[in-house]
Amino acid sequence: MSMNWLVSIRDQRDRFIVPVVLILAWECLSRSGWLPASLLPAPSTVCVSWADWIFSTDQSTQANSGRWIFDALSSSLRVFAGYAIAAFSGIALGVAIGWWRWVERTIEPTLQMLRPVPPVSWIPLAIIWFGIANKPAIFLVFLGAFFPVLMNAIHGVKTVDRNLIRAASMMGASESQILRFVVLPAALPSIFAGLRIAIGSAWMLTVTAEMVAVKSGLGYVLWDSYYFMRFDLVIAAMTSIGLLGFLTDWAIKLVMSRVLHWQHGQTVQGRKH
Amino acid sequence: MSMNWLVSIRDQRDRFIVPVVLILAWECLSRSGWLPASLLPAPSTVCVSWADWIFSTDQSTQANSGRWIFDALSSSLRVFAGYAIAAFSGIALGVAIGWWRWVERTIEPTLQMLRPVPPVSWIPLAIIWFGIANKPAIFLVFLGAFFPVLMNAIHGVKTVDRNLIRAASMMGASESQILRFVVLPAALPSIFAGLRIAIGSAWMLTVTAEMVAVKSGLGYVLWDSYYFMRFDLVIAAMTSIGLLGFLTDWAIKLVMSRVLHWQHGQTVQGRKH
Amino acid sequence: MAAIELKDIVKIYADRKRGTELLTIDHVDLSVDSNEFLCLLGPSGCGKSTLLNMIAGFETASSGTVSVAGKSITGPGADRGMVFQQATLMPWLNVWENIAFSLKLAGKSASEQREAAQPFIDMVKLGGFENHYPSELSGGMAQRVGIARALLLNPAVILMDEPFAALDAQTKIEMQEELVSIWQRHQGTVVFVTHSVDEALVLGSQVAVMTHRPGRIRELIKLDLPRPRDSTSPEFNEYKRHILALIREESALARADVAANA
Amino acid sequence: MAAIELKDIVKIYADRKRGTELLTIDHVDLSVDSNEFLCLLGPSGCGKSTLLNMIAGFETASSGTVSVAGKSITGPGADRGMVFQQATLMPWLNVWENIAFSLKLAGKSASEQREAAQPFIDMVKLGGFENHYPSELSGGMAQRVGIARALLLNPAVILMDEPFAALDAQTKIEMQEELVSIWQRHQGTVVFVTHSVDEALVLGSQVAVMTHRPGRIRELIKLDLPRPRDSTSPEFNEYKRHILALIREESALARADVAANA
Amino acid sequence: QAKPTIKLGFAKCAHCLPMSLTPGLTSEANIEANAFNSGNDVLTALVSKSIDVAQITYLHYITALDRGFDVVAISGQVNGGSEILTAKGIDLKPNDWDGLKKLIAEYKAKDKPFRVAASRGNAQDIHMRGELMLHGIDPNKDIQFINIPNPSDHSAALQRGEVEMLCSVEPFASQIRLSGVGKNFALPYNQAAGNLTNLIVTRSDVIKNDPKGVQATVGAVVKLVDMLKTDRKSWVEVINKYTAMDATVANEALKNAFPDYAMHRKQAQAIAVMMKDLKYISKDVAADVDTHMDYSFLSAVTGKPKTALGY
């Protein structure tokens, strides 16, 4: 027992060695003056700027000072809106395509044609169609999140065990009951896998989407800081986005493990004691 | 037999209905003058411009006339370079992380920290580190393609059937032989799945990468045309990128089905006749 | 009137790979009386599952008619309960929810379902496991849930497709004993598919031995053995010897067939 | 000198879920003579595979020693060929490449491999399937490849972990007959794990019946039956009755154990 | 009667940012000011009717005319902001064009490309090309032109020695100079296009439907321009607020800014000709420039005839 504990301490230490060494090396490199400090700010500088961005400590980030939470919220709202639309439409369409051959025949070719077009390249059309502010950004996020959800929903429905459907129809289930009580729950693990890929895409696309006409958001601060060469803020924004991406993924994982609680099989013996 | 043939004809027809209707609707909408024609060019206009871009038919695309193949090649080269680096390093690192616990402990945390940072947001740093022209673009493509390959390689190695390894060691295989003759081939299906996701990411990132300081490429034409409000070319560029993305994915699928030919199981009876 | 009546059944599958047609069932006539326990014994691929699926209504015959209790079959229905080889429980429902799934479909409330499920849970000896999920059950337990689910439908006919094939020998013996005791108490007609001679002889009141593909009924044997069956008794082994001989003959024919085609 | 010697073996697994320890094998002593065919018979989870893996060198005992041909075991080696329950063939190699895999590891050329594989392909009756991939083989064929692969190692000891459990009854009977004939021609010591009483009695020259977990050897029975074995003969059924009685006793004990723990 | 609402878009550059002050400069209309990342986002938003009035460059304006978009120029704003800079290692005195020619010849002799960067299609691009030609250097043959679309990348390119010379926009030019990455070479304002940079445009349907709003906006712009001519401090403050950029850089940048509400028709036509020559546009739009400049609002605000306003 205590041995295990020691091992796990060493394990933990090993995990931190490389990141810590990297950050120290970066700090030294920045301070060495090999590149202008403004082009490669040291981690400590980044932290100071980030702190000001969040807590408005020393006003060094000017207009951004103290507005981090606001930026994070703006980005999160965009991600949430686009992601929610993508999730609902992706699941609905995916289930329909996976279940009815005629839907597959009529709708799928169009979607498959659109799929390989990178979401970023829709930016010009997004501005024309949706104008300015949040709408084009949400559209881009939607584009990024839609296809992973769709493809996984289709796959989930198509791989439902045929015998489960047979068992349900033996018990007198109608088609809509089969869809609701069998196909949908059976496809859920695959749908959740799609939702997890999609949240990554969604965050990735916000960064791109916030290139265009929005007034706040982590991506906005990133491009704005880049435009005006505040690389400390650029790195702080990158880290913030990475962090939020990680957290939302973790949240979805949590929801998933709750909804799919029936998947964590334990043996009978494991339960009885 | 002939019945099947008829059904498949009808099937094919159904597949084309929606795309054709959509394109016709778009053509009508453009010609109706509801929006300025240059803002929403009709499909026919797009085709004419595209033709000039490819074959230099009427010089309507100015400097781009007849340079499509060159642009497509430039983009493809960037994709290829970034993708190749990502594939090699992703597979090598993924196998190492999946196989040796100490590599996993030391390297994986760093990679997992970097993973949720969207590749696009590396643009500012990419330019500082790699300057202009091809290098930053290749770096971005690499970033986009690296993680899918890596994650799938790790997963592939970790899920190798333990009994295959046992069987090999029973037959006297050394560790390096097990890696080369068992683990690598067994992980290939998963690695190929990663390679297919990665090629999509790679194309997506080229479009973004060609926003910055390059002189040619489909993404470059896209942004440049947008700059000069040539929306017909913007759409032609989007379609070209989608097409190339589709084709490269198809090529990888082809390679995959050759390399993994042992997966297409037929029954014994199916063979004997 | 026979509980199940198969008349001149032919089943032809399209063989996509070779673009030809595959004759799977070749003119089968079979009639099962009420309260019989028929074991359908035959080599792999002879069409046992296909026959069972036609009785269940999952497949339709290419020609011939299937009727249950005098009515011709057009699709699956709750008058025929099926127990599958893999238990095919809904993995997201726990034991009692799985057993009462048909009541849920009928719009019954959760408490009604729970209550109706209890006698069947007791019958298959799963008391204490009501709230377990399928992933927490052993193979034998999952099969018991499948049997309880089929029994709750209160069907005239129970169809079982190699339900014990995936269990280890000891569990299999236990389950066989239990199934027989349930059948004796519950009554009803059972069609049980298996490829194990011992299993057919331990369970059945009749054994239908099928030929290799295309499947025909080679012989229908009425078993005159006391229950509980003793697989080491001379009478039992008399039947076994007879059936093994039939199977050896069939295997030889099958091998000759393959050789001729190769 | 015994071919295989297990001395006072104890195996304790860490049970991660509950953070406790699990006594799996409890002081097993066993010695198998050269050219014996030992069947290890026991209920699921009693530690049969664990014992076999220790002989193969895949696992180490918590205490006690395992020796093969007088040498103590430290890891897997080509002197002990293993046939797994699932055939565990390399799916990307075809039949002859799988069989000759050990020669590939030894750096032999493809033609040498091909040549060396042929007698073993013939021995397991796979002529004509040399270039098939595992996904194109039936379960029985795949197991034959696994056996041929183990035989090509020319090991003093062959270890088999329920190799026929996944096969259907008819194929199983064929494979059992073939295995016995190969063993008779090829000789060598075999340890064969199974949970089927019939299988143990058809194959073994000795049967070791194990208790439920923690596994011990309950009884080692020398079989005095002529080959080919007739599973319907009275002598066979005499042994069967004896072993079934042992197993019933064990099952009752196991159930009492569970009830006491619950 | 309710006050008209005007949606105004502007890009993020040192010259453009004061547009964010316009809402406070008129009581006649509600102006909603939106900052965009790039000029063509602003133009796209204008022609797709997401905004009503846009601050763009003369080049965007010409491009829009070429594409047949319905844009009408209604006022000037701020001109200037271009600066040609040389990399640290290049030994050239400011405005030493002969020295530059000699240097380019040396590079040619050594078969080394003399690399000059700008953002293709920006005012700086046109200014620089015009200026080079004026001094007898052919921008298509004598030098190697490198397109760096994002001016914030100019500094890195110069710093890494990937270009010898570039024409950047304020405040990047000042930052490059102040950080020592590059040196001033010239202000490229002697060519036909002069120092023209920013222009305020709208659409004819906006003029038709909401002349009061347009009038009020032009009024605000004129007030802004007058203010910027004298009050550099509030300008610096705006830059500071929006860009988190050093005040010294902002001050320096404004030395190269020339607030001017006039719309210079002749020079605009010169730009059109240059763009046609460069194949940036496909037709001759000199005539369209005439018809798509509406001096009436500017005249009404300033009380001056259009001849005094750049016509």
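A, B, C, D and E are the chain letters, set down in written order, and residue numbers restart from 1 in every chain.
Everything below uses one rule, namely that a contact is a pair of C-beta atoms (placed from the backbone, for glycine too) under 8 Å apart; a residue touches a chain by one contact, two chains touch by 3 or more.
In UniProt terms, the chains line up like this: A, B = ABC transporter permease; C, D = ABC transporter ATP-binding protein.
All values reported here derive from a predicted model rather than from experimental measurement.
Asker: In how few steps can one go from subunit C to subunit E if every step must land on a touching chain?
Answerer: Minimum step count, subunit C to subunit E: 2.
Asker: Based on the averaged CA atom positions, which chain is farthest from subunit C?
Answerer: It is E whose centre lies farthest from that of subunit C.
Asker: Between subunit B and subunit C, what is the gap in Å from one C-alpha centre to the other?
Answerer: Chain centroid spacing, subunit B to subunit C, equals 49 Å.
Asker: I'd like the Å distance between the centres of subunit C and subunit D, where a centre is the mean of that chain's Cα atoms.
Answerer: Computed from C-alpha means, the inter-chain centre distance equals 31 Å.
Asker: Would you kindly tell me how far, in whole Å, the mean C-alpha position of subunit E lies from that of subunit B?
Answerer: One centre to the other, that is 38 Å.
Asker: Return the residues of subunit D touching two or more other chains; collapse runs of consecutive numbers into ranges.
Answerer: 262, in rising order.
Asker: Enumerate the residues of subunit A that touch no fewer than two other chains.
Answerer: 39, 124, 128, 226, 266
Asker: What residues in subunit E touch two or more of the other chains?
Answerer: If we look for residues of subunit E contacting two or more partner chains, we find 44, 48, 150, 152, 156.
Asker: Spell out the residues on subunit C that touch subunit A in their complex, using ranges where they run on.
Answerer: For subunit C paired with subunit A, touching residues are 56, 58, 75-78, 80-82, 84, 86, 88, 90-94, 101-102, 104-106, 129, 132-138, 141, 149, 153.
Asker: Please give the residue numbers of subunit A that touch subunit B in the complex, ascending.
Answerer: Checking each residue of subunit A against subunit B gives 11, 14-19, 22, 35, 39-40, 102, 105-110, 113-125, 128, 200, 203-204, 207-208, 219, 222, 226, 231, 234-235, 237-239, 241-243, 245-246, 249.
Asker: Quick one: which bits of subunit E touch subunit B in the complex? Just the residue numbers, please.
Answerer: So the residues of subunit E in touch with subunit B come to 40, 43-44, 47-48, 63-64, 67-70, 120-121, 146-150, 152-153, 156-157, 160, 162, 279-282.
Asker: Given the complex with subunit D, which residues does subunit B contribute to the contact?
Answerer: That would be residues 161, 163-164, 166-173, 177, 181-182, 185-186, 188, 260, 262-268, 270-271 of subunit B.
Asker: Using the touch definition from the top, list the residues of subunit E that touch subunit A in their complex.
Answerer: 9, 12, 34-37, 41, 44-45, 48-51, 150, 152, 155-156, 159, 171-172, 175, 179, 181, 240-245
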